[in-house]
Each structure stands twice: as structure tokens, then as C-alpha cells.
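Shared between the two complexes below is chain A, which has chain B as its partner in the first and chain C in the second.
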Partner chain A sequence: MSSAWNWPLAALLAVAGFFAPVLLGGSPAIYAALVLIAIFAVMSYGLDSIVSDLGEVSLAHTVFFAVGAYVTALLSVRLGLDPVGTLVGTIIAALIAAGVLGLITLRLREFVFSLVTYAVAVVALTVAANWSFIGGSDGLRGIPAFEIGWLGIRAAGDVELWPIAFVLLLATLYVMRSFRRSRLGQAAIMVHLNPRLATMSGIDPQRTRLQVFLFSAPITASAGWLYAYQRAYVSADLLETYFLILMLTAVVIIGRRLLLGPLIGVALILAQEKFWSFGGYVDRIILGSLLILVLAYLPGGLFGLVQALAEARHRVRARAGDTSSQTRPRKADA
Partner chain B sequence: MNLTQQLINGLVLGHAYALIAIGWTVLLGVARLVNFGHGQMYMLGAFMTWFSVSRLGLPYLAAIPVAMMAGVAVGYIMQRVMLRLTLAQDLVSIMIVTLGFGYVLHGAAGLIFGSTGQILETPLSTRDIYWGDLWFTWQDIAIVLVAMAFFAILKYVIDNTGIGRTARMVAEDPPLALLAGIDVKKVYFAVFAFEGAAVALAGALVAPRTPILTSMGFDEVIITFVVVVLGGIGSVTGSYVAGIALGLFTAFFGALVSPAYATAAAFGVLISVLVLRPGGLAAAPGGR
Partner chain C sequence: MSNQLIVTRRTALLGAAAGLLASRTAFAQGASGPIKVGVIMPLSGGAGPQGQHVTQAIQSMAALINAKGGVMGRQIEIMARDDESVPAVGVSRANELISAGVSVIIEGWNSPVTLAMQPVINRAGILDITAISKADPILSGEGNKLAIRLNSSNAQDGAVMANYIANIAKAKRVAFLTQNDAYGNGAQASIEAELKKLNYDYEKVSEEKFPFAQADFRVALTNVRGARPDVTIAINANEGLGMPALIRQASQSRLPGQLVAAVGTIAPSVIKIAGEASEGLVGADIYFPDVEPFASNPRNKEFVAKTEEMFKYTPDKFMALGAGALEAWAQAANEVKSLDKEPVANRIRGGTFANTIFGEMAFEPNGQLKSRHYLFTVKGQKLVVDTAKG
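Now for the complex of A and B:
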């Protein structure tokens, strides 16, 4: 695809995306669902760079998500900072958290790495539920509306939050696209697919890992930042496995390293949960089964399946063409 | 604080931890596999026992095998679904798939058993023993005895029998084992079935100590993880020792500092060990 028509297409998609809630009927439920889709998609992109590019499984990304939400709640409720201030605080806190976790896990690989990140998430849940400074099991309430006075922005409710969520999503998509074209993105892929070659070409795998970690955490945390405003309260449930499974499924369901993959994945999952729900427990079974089935039977995701089907059809057609061209000379022989 | 009482608590907890972790130890030692659904399988074992006792009216001793059979079934299904990934040793996908299984198990258990907490009472857990100012239940004694027997038998089987030799060979070199005529797939199925049965047994025995909830299982995964890594990945003896050490640590930390943060503290210990020695405490990886 040449970049000459890539940009207009992207712009067209962006405009269509912005008007998506109107196109879908514009009801409050639509706005609510789309704001959540945008937020959770941003959350998933942070994990996407670790799973798809670096090839490791971090199960601690719910922690970054919660760090964003909790920092936003603390700074806005206790210090009265506006969303710009809380976003800066969120990014700094996420970088610190990712730096600490990254350094601890620097020498760990594969499942030990994942185990430690998973344990971090579980321990964070018990800490969040017990530590009274951040509200304990009650959480923190009374987060003010999203309001940046000097820009004249005030967003209360999902309809007014939609433009902000959408801009955050677009910014994330842009950052992800730039990351994949950057030296760091290329290095991550090389470390993932061929660590030895990466080392020989002068890439330090551990350093690359740490850098990708530092890149990914603020993305997921910024989703937590907006989610805090959307919900107006935060509590330990931000660290529940639901968000982890949601992220993982969104990352793998469509296919890895596709720019729009996690967004479409989140949209599919939330559409089911919001509009075709079968109750909490059945929805859990559906989401978990989806994750299992895609990984076990569709390594390329749904996109890979579509590609394989298209190829198979193409092959069948080609074979049909072959046989017809082969039969003719035979008839002539006879 | 009564020192002897905490010592007893710690030993009971330690044997419970070792029993909870043993399925994963074997899974990791023999098949180089991990199972993030381990905690939910523990939950399922506890609830199957509770269901058999309180709803089906089975005696406790008959309920345990029912729970273990359910564990075997879940383990078999998991391995059946993941077989392609297992043979390709795609650990990244396997981790996510097992996490997904845990999530599905939680949903299914909530659907079947409801979301309210239950008390799993056994004929042993209600009978207290007072010895001076010390207190424990017959259930605690059962946990310690079963764990000791289980580990002794397992150790014997792995070191001295044909099954053990086969398992060790698959652990060492799967392609070579295949060449030697071992059905590697069968071994993987067996290992996963064993993991399911072992953790269900642990659930049936250990869960009566506390109220049971379908949302439980996360602490158990962390404990298992700490035991397995500290004990030296895949080492049966190491797991036993690490389990008891962790039990004593948890009991004393809970009594001296705070019971709410005991798991977090155990994890903190693990982190410091991992930073100093990424391979765990045991000298040789794969050693048993």
C-alpha cells in the first residue's frame, strides 16, 4: 500500500470513526460503549507492543492501568490537579512502575517472567484492597469531571467524553504505528524472532526489552487516566483478571502486529458484553473460550483465518483452471 | 504470640502449600509446561468436594475421588485443546491459554455453584484437638500425613519405577524419548491428568480450613509459584522443603506483622531471591 493513498484513507477512517456514535444511532448506550471501547483499546495497545512485538507475555499490565487510574484519582481529589496535570503524573508514575518492574525482571525469561508479572498483579490487588491511603476496599470516590479550564474543555458524561476518548485513541494509534517503524520497534522484532542475530547486529536484548516496557506502560496507564474520569471512582477491581483477559484476547483475536487489530478485538468483545450479554458468568466463559480457541486453533487470528480461506479459494480456482487446460490436449490426443 | 502454636500452624500450612504445588512441580519438571489455571483448578476441587458432600450426600472420603476425577477431566481437556502448542513447545501461547482456562473455570463455577461463599465441613475439620494451650484439628493432621505420604510415594515412583524413568526421559529430551519408542503425547496427557488430580486433592483437603468462594485461587497460584521456584524448578524434594519453609514464613509473618500482607511478603521474598539467583535456589535445573 503506497503512503500516497494511505494518509487520505486514514483520515477518512478517522472522520468516520469520530462520527461512529452518530452513525450507530447516537443513543447514550452507544456513546457509553464507544467511550469504553476507545479506553480499553488504548489499554490493550500497551500490552500489544509487548506480546506482538517483543514476544513476551506481561500479565502486569493491569497494574499500569490501575496506576494510571489511582494516580489520577489521588492527584485530582487530594491535590485538585486538572486532567493535564493528572496525565503528566500518570505517565511519570507509569514510567517509574515499569522501570522498577523492568529492572527486576530484566534477567527473567519466558514463563518465569510471566509468573513474576502475574504475581505482581495479584499482589497489587491485595495491596490496593488493604492499603487505606488509596482507599482500601472502598476505593477513591468523587473524582471531578474532566475539565481543562484554560482550554475551555469540560466533559461530563459519555457524550462529552467521546471526543477526548477518540483523540486519545488516535494518538495511541499514531504512536503505535511510529513505534513499529522506529529503530526500537525493529529491534524488538529482531530480539523476538532471532535474539542471536540481534546481539550480533549490536542490539542489546535486555536494554531493548526494558525500553519497550517503558514505552508500553504509559500507553496502558493513560487508558486508566481517562477511565478514572469516566467512572468517577477507582477501586481495587481495576486489578481484576477481567481487564487482563480482555487485553490478551483483544491482542490475539484479530491477528498480531495489525495496527487496527486490538481496536477491532475490543470492539467485538464489548459489543457482545454490552448488547448481547448473557450475564456475567456466561460472558466470562465466552471471553475465556474465545481466547483459548484463537490461540489453540487459529495462530494467525481471525485475520489469518480470512487470509487462509481466501488463499484456499484462490488455489481451488487455480486448480480448476489447470484441470480445464489439461483436459483439452488430452481430448485432442484421443 | 505463642511460638509453639505458630510453629504448628506453619508446619500445617507448609504441608498444605507443598500439596497445592506438587501438581505444578511435576508438570514443570516432566513436561516443561506451566498452568496459570492451577488456582481455579484448586477452587474446582474444593467445590466438587463441597458439592458431593452437601448436595449429593456422599461421605467425605468418597467425595475426594469425585473431586480428583473432575480434576483429571479438566486436565485432560486442557491438554487435548493445547496439544499442538505443547508439541511445538509454544510456552507463550500455553501460558495465555491456561490463563483463559482459569477464567472459564471461574465463570463456569460461578454459574453452577453460585457466587456466595460456602463452608466445606468435613468429619475431621470439626473435631478439635487441644493439647495444653495448643489447638489444631484432625483435618490439619490429615493434611500433614497425606502430604508426607504423597511426596514419599511420588519420589519413589519417579526415582525407582518404569513410569518414573519414562517421565524423566521425556523431561530430559522429548525428541529422543520419541525415538526410543515412548508415546510423548500420552506422557503429556498423563502429566496434565496428574496435575488435575493432585491439585483437586489439595483442594479437597486444604480448602476446609477457610470458607470457599468461586473467586478464590489467586493466592494459591502465587504460593505454588513461590514453592516451585524456590524449591528448584521441577524438584519434588525441593518443593516439599520450600513448601514447609514458606508455611513457616507465612505463619510467623501473619502473627508478627499482618496476615493480610502475608502472600505479598512471600512474593517479596521470592523477588529478592530471583533478582539474586534467577534460576531459583536449587543448584541444577531439572534436578530432582
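Now for the complex of A and C:
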């Protein structure tokens, strides 16, 4: 498709997306589901930049998600800051956490990197469940409704939160698209695919990894920021495997480095969980099996599978065309 | 920037109006049909069997209420959902039930799940009754100013356990095996606070903490055994997996002293799984179907018979709490002739209800059900109540 059509098409999709709750019936359950899809998609995009672009599997992204939620809860409950203030605090805290984690894992690769990030998540879970300053095992309660008085915005329920979640999602999509076209995005993919070539091209792999971490963390943390307002309660469960498995599956299931991949992935997972649930056990088996299937047999995700099937079909048609063009003259000869 | 936000807000209002219209239409359609009652319990995972039992007890109580004319002349329809013991899933299920137009939600096995669901249900203006979850912040009013809970509070339980340690076991060396979450830590803190109130001189010789889902306690038990406790208090709400495993492993490790289960953590199903290892285990609880004053209570007999008929299972304390929650709500709604949250909640909080499965049910002004505790010992895989020590 011509690039001239890209922006009008994106604008059309954005408008359709905004009215999606109304188009789907407008029930509170639809709003609640779409707000969660938007929040968890934003959460997954942070991880997407690490998995798809940097080529590493971070198991510590729940930490950034939790940092966003906890900072929001602390700043809103104890200092009375509004969502703008808590968002600024969230981004600063996420950058600090990412800086520390990025420096620790600077020289680590592949399974050692994953192992260390997992250990960080375990430490964070233990700290969150036991540190009374952040509520310990009771968590933090009493988070006020999303309200920016000087803009006249108040969102107490999911219906009012939808526009905010949607704007956050659109902003994330724009940032991810810009990242992949930026020098940092290009450098990240080169460091991922050919570190030696990257070094020979004057790219510092360690600096690039740190920069991608610093880019990624505020995205996931901003999802935690909005989730804190949506749920009005923050506790150590944010660091448990539910969110980790959700974002990992969402990132790989459709296909890596696809702009809409994590969004569609989260939408599929949550739609199954909310509207076609087979109960806790079966849902977990479905999610786990999907993750195994995609990681083991479908490196290109479901999109890669569709592409492979389309190519196979195209080849079969082409062969059929060749055969018929070879047989036709013989018929004519006869 | 501000223009963009104003447009966003207007569109949000349009969306809100559409949502409100849809929900009002649903309400109008449902006004003469059955009253929907939401139930959110863990139906899978470690607490799944117990959550299923509680849901069944609520269904059998609904059958009894429906047989007597229902609530305000309408039948009750139970809509059960699985929270999977995960707070995020619980919130999703609560949103589903709110959208389905339920009049009340009876929830809560796991305290963190209850604490996560409370603000969501509260903001939707739906009455929220917590059946089992014990954490003290549930009644703090932060998540729900009109909170109601049936299971005994950590503070009530702490007093019973402290009384056992100080006055019955007279234990000087006390160990704790505690679930590391809002419930477990609160329960242990309450026991220690009550021992302090009694001015009792004892030594905490060991303290081991574990997550809700843990099933292997061998390392923790080795540490506790090395501390040679007179009494070990086990605080574990994972009745389907964790508590039976803990009891079995404590028996295998030849743990010295008396193993005591925290109040309300031992259902007959736990004893069934733990088997002979549970012999001699001490605990305390607030309801036993076949012990006075419950055994001769006609309403309780009716409930036990109905549950046995429908589900081939004799109800335990957890099941009675779930059924009691529905029973109190139904009586309150019938009396105030409303399904609205505020009048029904205000009738229950600080109110009393006669002729229930607990006999007379009385609630504190903060929504906590008043309850009497009974100590028991496991003998021949049965809970034998010692009414003299209760």
C-alpha cells in the first residue's frame, strides 16, 4: 500500500477503535474489557521492545509495571498528587529502576540475562510483600478516582476511563512506531542480529541495550500508572506470574516486531478469558500451550503461520498454472 | 492540547450515556425476572474445592429461599464466577457480574482478592458481602464504606488462639508457620497482640513465612523442629492443598509439641486429604453442623438436609458462612423492600436476624458478624468439639 494512505488509514482505525465499545454494544463489561486490553497492551509494548528489538527475554518487566502502580498509589494517597503528578513520578521512578537493572544486566546475554531478570522479579515480589512502607502484604488502598481538576476531567469508572486508556494506547503505538524508525531502534535490531557488525559500524552494544531499557521501562510503568486508578488497590500480586505470562504471550503470539502484535495478542487472551472462559485450570492450560506452541514451532507467531500458509497456497496455484500451461499446447496439438 | 482533552471528555460522556442506556434497558428487562446474585469464589486452584463447596451451599440456600417465595416475591438466580485466587482475575469477574446486573455480590476466600475487588464493586454501587476473607483492612472502610463480613475477624481469632496458648497449652516456646499475605500476617499479628494483652511471658522460637500457593514445607518444618517449640501455630488458608500438605509433612518430620491450626483453617475436607496425619491436631472454629447449638436449630437442619440432598455433602463452616451471607441479605432485602445497596447494607450492619442457620445472627456496626468460637481436636479423622474449652 502507498505510504500516502498510511496516515488516513491509521486515523480511520483510531476513530473506529475509539468507538469500539459503542460498536460492541456499549455495556459496562465491554468498557471494562477494553480498558483492561488497552492497559495490558501498553504494559506488553514495553516488553515488546526488549524481546522483539533487543532479542532478550526480560522477566523483570512486571517490576516496572508494579513500580508504576506503587508510585501512583503512594503519590496519590500520601501526597495527594493528581494523575499528571503521579505520571511524572512514575516515569522518573521507572527510569531509575531501568537504569539500575540495565547496568546490572549490561554484559549478560540470553538465558543468563533471563535468569537474572527473573531473580530481580522474585526479589521485588518479596520486598513488596514485606515492606510496610508500601503496604506490605496488605497493599495500598484508598487510591482516589482519576481526576485532573484543572482540566475538568474525572473518571471514576471504566466508561469514563476508556478515553484516557485509549489515548495512552495511541501514544504508545506512536512511540513504538517512532522507536523502530529511529537510530536507536535500528541500532537495537543490529545489536540483536549481529553484534559484531554493530560494533564495526560504530554502535556501542552496551550503551544501546541500556538506552532500550530506559525507553522500555516508562512504557510498561505507565500501564501500571493507569491500572492503579482503574483498580483503586495496589498489592504485591502485580509482581506475580499472571502479568508476566500475559505480557510474554501477548508479545510472541501474533509475531514479533509487528506494531499491532501485542495489542491483538492481549485482546485475544483477555477475550478468551472474559467471554469464552473454560475455568481457571483450562484457561491456564490454553495460555501455557499457546506459549509453548508459538515458542517451539512458530517463531514468526500466528502472523508468520498465516504468511507461510498464504505462500504455500500461492506456490500451489503457481504450480497448477505451470502444469495447465504445459498441458494446453498438447491438447492443441492433439 | 486542552481542545483535544475536551473533545475526549465529550466523547466519553457520549460513551457513558450509551453505556448507561444499555444498562438501564437491561435493568428494566430484569425488574420482573429473577434477582441475580453474584458469587465470586476460587473454583479452581488450591482453594478450588472449598470455593466450589461454598458456591454449592449458596445454591442450596437459594433453593430454600426460593421455595419460600424468594426475595420480594422474585426468585433468586445464582451467577457464580471463578476468581482463581488471583486479584486481577477477581476484578475482571466482578466487572462481569456488575455488567450482568447483579443485586449483590457474595465474594471472598482470599484476602488480597477481596481487597482488590472491594473498590470496583463499591464504585458500581453494588452491595458487597465478604463471606470468608479475614484480613482486617476489609472492614476499614477504605475500599467499601458499607462493608459486611461473616467470617470471624483476625482480632477475634487472635484472642481465641492466645487464650489456648496461654491458658490451656501453657506453652512457653511458640513457633509460627505463616502464610505471607494480608490474611496470614494479620492473623499472626493478632495472636501476638492478644498474648501481649494477656501479659503472657513466652518466647517466639521460630517464624517461617510462605506464599499462598506453597505445598512443600519440609525446609520450613526442619527449621521449626530445630527450635523445639511447645506449640506451632499453622496459619494457612490454602485448605485444598497447602494446609493438608503442611499437616502431613509436620507429621512426617515428627514436629515436637502441639500443632495448632489457626481459627477457621480446618474443614472436614482438609482432614480427609491429610488423613491419619491430622490425628491430634488442635483448632478452633465458629460453626459445626452437628454440635449444639447448631445441631437442634431447625433452620440449620433444613440447610444441612438440603445441601446433602443437592450435593451429597455435609456443609462445613465455610459453606455455612456463604449460605448465611445469602440468608442475611435476603431477610434484609425483604424487610426494607429494596435491592439498593445502602438500605440493605444499613439493615445488616449493626442489625440482628432471627431464625437463621446460625440461630440469631448479630452484626457489629462495622459490618462484622459476631461469632462464638469452639476449640476442637481431631480424633479418628473427625472434629471433636470441646465445648468446655470453647
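Following the convention adopted for this analysis, the second predicted complex is superposed on the first by the 326 of 334 C-alpha atoms of A that agree within 3 Å, B and C clash if a C-alpha of one lies under 4 Å from a C-alpha of the other, contacts with A are read in each partner's own complex, and residues count from 1 in each chain.
Throughout what follows, a contact is a pair of C-beta atoms (placed from the backbone, for glycine too) under 8 Å apart; a residue touches a chain by one contact, two chains touch by 3 or more.
Since we're looking at a predicted model, the values are computed, not measured.
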Room on chain A for both chain B and chain C (clash or fit): clash
Contacts of A:A320 with chain B and chain C, given as first, second, both or neither: neither
Contacts of A:Y281 with chain B and chain C, given as first, second, both or neither: both
Contacts of A:V159 with chain B and chain C, given as first, second, both or neither: second
Chain B versus chain C as contact partner of A:N130, first or second or both or neither: both
Partner chain in contact with A:R107 - chain B first, chain C second, else both or neither: first
Which superposed partner A:Y31 touches (first chain B, second chain C, both, neither): second
Touching partner for A:L23 - first (chain B), second (chain C), both, neither: neither
Segment of chain B that clashes with chain C, given the candidates 4-12, 166-174 or 202-210: 202-210
Interface residues of chain A shared between complexes with chain B and chain C: 130, 280-281, 283
List of chain C residues in touch with chain A within their complex: 2, 5-6, 8-9, 11-12, 14-16, 18-23, 26, 42-45, 48, 82, 84, 86-89, 91-92, 95-96, 98-100, 112, 115-116, 118-120, 123-124, 135, 137, 140, 142-143, 180-182, 184-186
Residue ranges of chain A in contact with chain B within the complex: 51, 55-57, 59, 104, 107-108, 110-112, 114-116, 118-120, 122-123, 125-127, 130, 241, 244-245, 248-249, 252, 280-285, 287-289, 291-292, 295-297, 299
In the complex with chain A, residue positions of chain B that touch it: 34, 36, 81-82, 84-85, 91-93, 95-97, 99-104, 106-108, 110-111, 218-219, 221-222, 225, 229, 260-261, 263-264, 267, 270-271, 274-275, 278
List of chain A residues in touch with chain C within their complex: 18, 21-22, 25-33, 36, 129-130, 136-139, 141-143, 145, 151-153, 155-160, 162-164, 167, 231-233, 235-237, 240, 242-243, 273-274, 277, 279-281, 283
